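After this come two complexes, each holding chain A, first together with chain B and then together with chain C.
== the complex of A and B ==
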């Protein structure tokens, strides 16, 4: 315990007093440099280098065995005429909107409901957070049983006399994507709820009291007191949600593999079945590049916007 | 003082990482420039067999095969490396282009093997390929485009319409020989409240390929089937449309729940007699209890056009040696051994798989009426195909399942489906 503050002090002082570092602690400078360079080198090698490589592969036609053949932007122009790609892109956008929107709304609503202390509140929070703990593949197994032709959902519908509404939820193109959305939301809502609960803890109760004294209604207080103070956590929630939405893969792969006939295909599953399971490494890499651009693009746009707002405030 | 150690270690790690970057740099796609192994040196007695047979008994059987080979050829030291089949399949491309690839690998006959051969990745096994023992068809399937023998077949299985004898007796059903008899049987069974045909699409949509293969083989023959899969004919051809038309006749007899069922669930329904027939391989019953296994039989896919020579699907498994093996002599010695009836019987005796030895001089060590029926059917066929993805590749199989699952759902859209199929297939082929 005694050494901890010392290290912290040293580390925090070094950049503030560079001259001292040169004279008395060149060893410290070396350590600091190593702390920067080593993770940087590892990151370069394990993350950026493969990413750059896949950008290069996306410009080739390659089956993994024969030497790759450089084809320029052919793989990207091919996407324009690829109906499956268009379906996957449309589904991904739909997924981003529905998964992102509903999980943020649902998570916020749950957080507001479960924020106030009352009897057994911990149990309710735990119940809603529980799905986050399960592995997505286990979740998928459970939902498979629910969605089966003779599964829980159809049995329930039949029991209440709605047997004409029973269908093969994962096997029909009209319902497959939405049937996948539900378990994904079931999990994400709990996660977003926890983030917002943490955010709500920072809301000053005095402000609420003051607003109440001034005659503000519950809606007003939510709109003008709670929401503005949730702004920092909202940035985190949105970034996390966008990333989670665009990288959604496991639930889809475990339940439908993008089927039936690509109707529940997301860009991530299409990329996997083309570039990893199939042998079209060039086209698969081009798809990966598109997913990367989409994710980075969405996040940069959002971050720039929220930084500007912060500066303005 | 500890931070000094950290920095030294950190720097070493950093230097190591940077060194690795420069050493491995730009190698992600460089598969063509690599040294050719010389076949001499200290590794020449070692022999690595890479296998994708992961079941406990198959692994034991593979090890027994290697032990017996080592006993007969004490100069070689073979080792077994088993990898899960899906991972094996993904990695084989990389494996074959390694500087020191596995010497011998398990694989299957068909288009991918031909592709490997075309790229010069398979060792010429002509010197150890037995002059007799293999049927003309299996010999052809082991030969590449230039006439080199590159593959040693060890065993095969067959496809047929599987049913349970006791259930057929109960329903008073008999094996249909022709398409009309088949449809009549489906109609009778449906009348008895049984769903006649099983086809699980939830996790096994690839099974649609078995229906397409057989309908195409029965209607248009093996020659057309092969050129269609090779891309020389188009899926928009009226002959392919005919296949879908004929299939349309039996679509009402498929279990409608099949769209949402996994293979295990569907085979359980078949086992319980809720689904009467299942176009499948004998692996259907692999996990079923012994009394069920004895109750199982199959019939040949019904004849549609008697003028078309009968072809059967008999997926053929075996070994090949890597062209860049460090020990080509050892690899060939093993291939020669694996081709013998004794080796093939040894493997099947221990693995207990429902497979037929590929060498016709070998006997099935665990012969059952089912196996003998399968063997007789394949032997009597005028032509033998492998299976859709073995005769083409997995990208083509993807295009097929998309088209056929959509066809099962919306048979009225057949012309559009075939156009889409042709376009997907051409794109996956890269032209």
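== the complex of A and C ==
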């Protein structure tokens, strides 16, 4: 408690009697405890408690109505023979690599290009950042007009004489997942750019000058001066990207709902259709546990690797 | 590195092309939303408009989008206000007082925020059913507030630790209570961070889809994000109406972004650098 008993209190509700002072102090302690514990309890009740419940439900067979029946690890072994699960897992890993990798590369490239003070740079930054404020659903509807069978992309292809390349982009298993990737990137790249721009601010320009004087090329300077100093922000970007990639749901739900024939299914959409809309609450929870394990796993692998690199350096 | 490039025209040429490409989808939606159905049906999406009209906007608003925008605001505004109040209280307590386990409490709150939503959906749905707040705006407000608190507390905690100790100490010596210091000293000094987090919270809450499709069933209660998805099915071939609905749904967050632009980006950054 930080309220000092010794303090001389002034004003109407601070009489000098020490007993009142002590009682005032304990009331202060209660107020302070409420300040911290009320928000803490609310959040724990709606996050950790459900998360623990999910882990338990993942060990049961439950239709949401009859009492759940404990089945051990059955739900997890069932995944091995579930074709849709394998597609969804493969797609999720592919999504993590492509969505994560390309948004980091694109965001870093834009940040490097827009880091130096130049005329008009604020406008460029604002334009690339603008899609970040749209919801994924707004983004999805914008891109749906491009992907429609009679939409803009096919019209453009026809106009330049490539009509045999025109397809139903969101309706064919070969293209659906990649067609979802573009709008997702369009919205994410600006976000990653802003994070890297903040990281670049901390790079000391004097180091660049010194490296230049020593005859380092632009590529060398990027590799040996800029990149190492971007390490702290890179960890943040990676964590944000992995979390965003693995919880991607809106763009898929808004455009394909995982179809056609589960070809654009991600674990998040499969979890939603089986566990939330469907009645396989146990299996759905097991899928959620897999998503959680993938998130934690990817971040831990990165942290361990970068710690090792630091030790080696 | 900090000097102006040797070939500014190359830089600007490339950037203008890229920026134009970036804006093209938006331009397409804006133009489509101003065209008539006959024009679109005749000439297709990828054509120049014959004439412009605002009819698609009144059609979209008349088809229930007004109601869904109001629903969104009825959910978003309380979530933002309650989140900022609760998070700033917790942050003040944790940043300025020697509460036992304060680090653990802070980290647990942040960790709770980082749990993937998928892990929470099914049990939270069941909990809202038990409390009788499933399929209600109150349920949405409670859940969206609770699952986000950790991030805001964490950021505000970092910000409040930057307020000089002398300021709050002086107020206490003058007889201010814990609540008094919080309300009259700490909150006014935290305004920039609150504005940043408020605009972020507004955008994130307004744009939510996953919790809305999990916790709401009644169409008249749907916020605008899931509602325009439904409209898309209903107005399947009327692209002008769908485009107008999309533009309307984007306006509130764009307004908040433009109004609080400075704070908005700094909000993303304080979130990432601490």
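The working rule: the second predicted complex is superposed on the first by the 262 of 313 C-alpha atoms of A that agree within 3 Å, B and C clash if a C-alpha of one lies under 4 Å from a C-alpha of the other, contacts with A are read in each partner's own complex, and residues count from 1 in each chain.
Quick note on the criterion: a residue touches a chain if its C-beta (ideal position, glycine included) is under 8 Å from a C-beta of that chain, and two chains touch if they have at least 3 such contacts.
Only a predicted model underlies this, so the values are computations on that prediction, with no experimental measurement involved.
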| item | value |
| --- | --- |
| Which of chain B and chain C A:93 touches, first, second, both or neither | neither |
| Which of chain B and chain C A:278 touches, first, second, both or neither | first |
| Which superposed partner A:50 touches (first chain B, second chain C, both, neither) | both |
| Partner chain in contact with A:31 - chain B first, chain C second, else both or neither | both |
| Chain B versus chain C as contact partner of A:301, first or second or both or neither | neither |
| First, second, both or neither for A:65, with chain B first and chain C second | first |
| Which superposed partner A:136 touches (first chain B, second chain C, both, neither) | second |
| Partner touching more residues of chain A, whether chain B or chain C | C |
| Touching partner for A:293 - first (chain B), second (chain C), both, neither | neither |
| Chain B versus chain C as contact partner of A:210, first or second or both or neither | neither |
| Common ground on chain A, meaning residues reached by chain C in one complex and by chain B in the other | 7, 28, 31, 35, 38, 42, 44-45, 49-50, 53, 57, 64, 144, 148, 150, 276 |
| Chain A contact footprint on chain B (complex, rising order) | 3-4, 6-7, 10-11, 13-14, 17-18, 20-21, 25, 28-29, 31-32, 90, 93-94, 96-97, 115-116, 119, 121, 201-203, 205, 256-257, 259-262, 265, 393-395, 398, 401-403, 405-406, 409, 420, 423-424, 427-428, 430 |
| Chain B contact footprint on chain A (complex, rising order) | 7, 27-28, 30-31, 34-35, 37-38, 41-42, 44-45, 49-50, 53, 56-57, 60-68, 78, 82-84, 144, 147-150, 168-173, 256-257, 259-262, 273-274, 276-280 |
| In the complex with chain C, residue positions of chain A that touch it | 1-4, 7-11, 14, 28, 31-33, 35-36, 38-40, 42-51, 53-54, 57, 64, 113, 116-118, 120, 123-124, 126-131, 133-138, 141-146, 148, 150-152, 155-156, 159, 186, 191, 194-195, 198, 205, 208-209, 212, 221, 233, 236-237, 240, 243, 246-247, 249-250, 253-254, 267-268, 271-272, 275-276, 281, 284-285, 287-289, 291-292, 295 |
| In the complex with chain A, residue positions of chain C that touch it | 1-2, 4-5, 8, 11-12, 15, 19, 22-23, 25-26, 28-29, 32, 44-47, 86-87, 89-90, 92-94, 96-99, 102, 105, 108-109, 112-127, 142-143, 145-147, 149-150, 153, 172-175, 177-179, 182, 203, 206-210, 213-214, 225-226, 228-229, 232, 239, 242-243, 245-246, 249-250, 253-254, 256-257, 261, 264-265, 268-269, 272-273 |
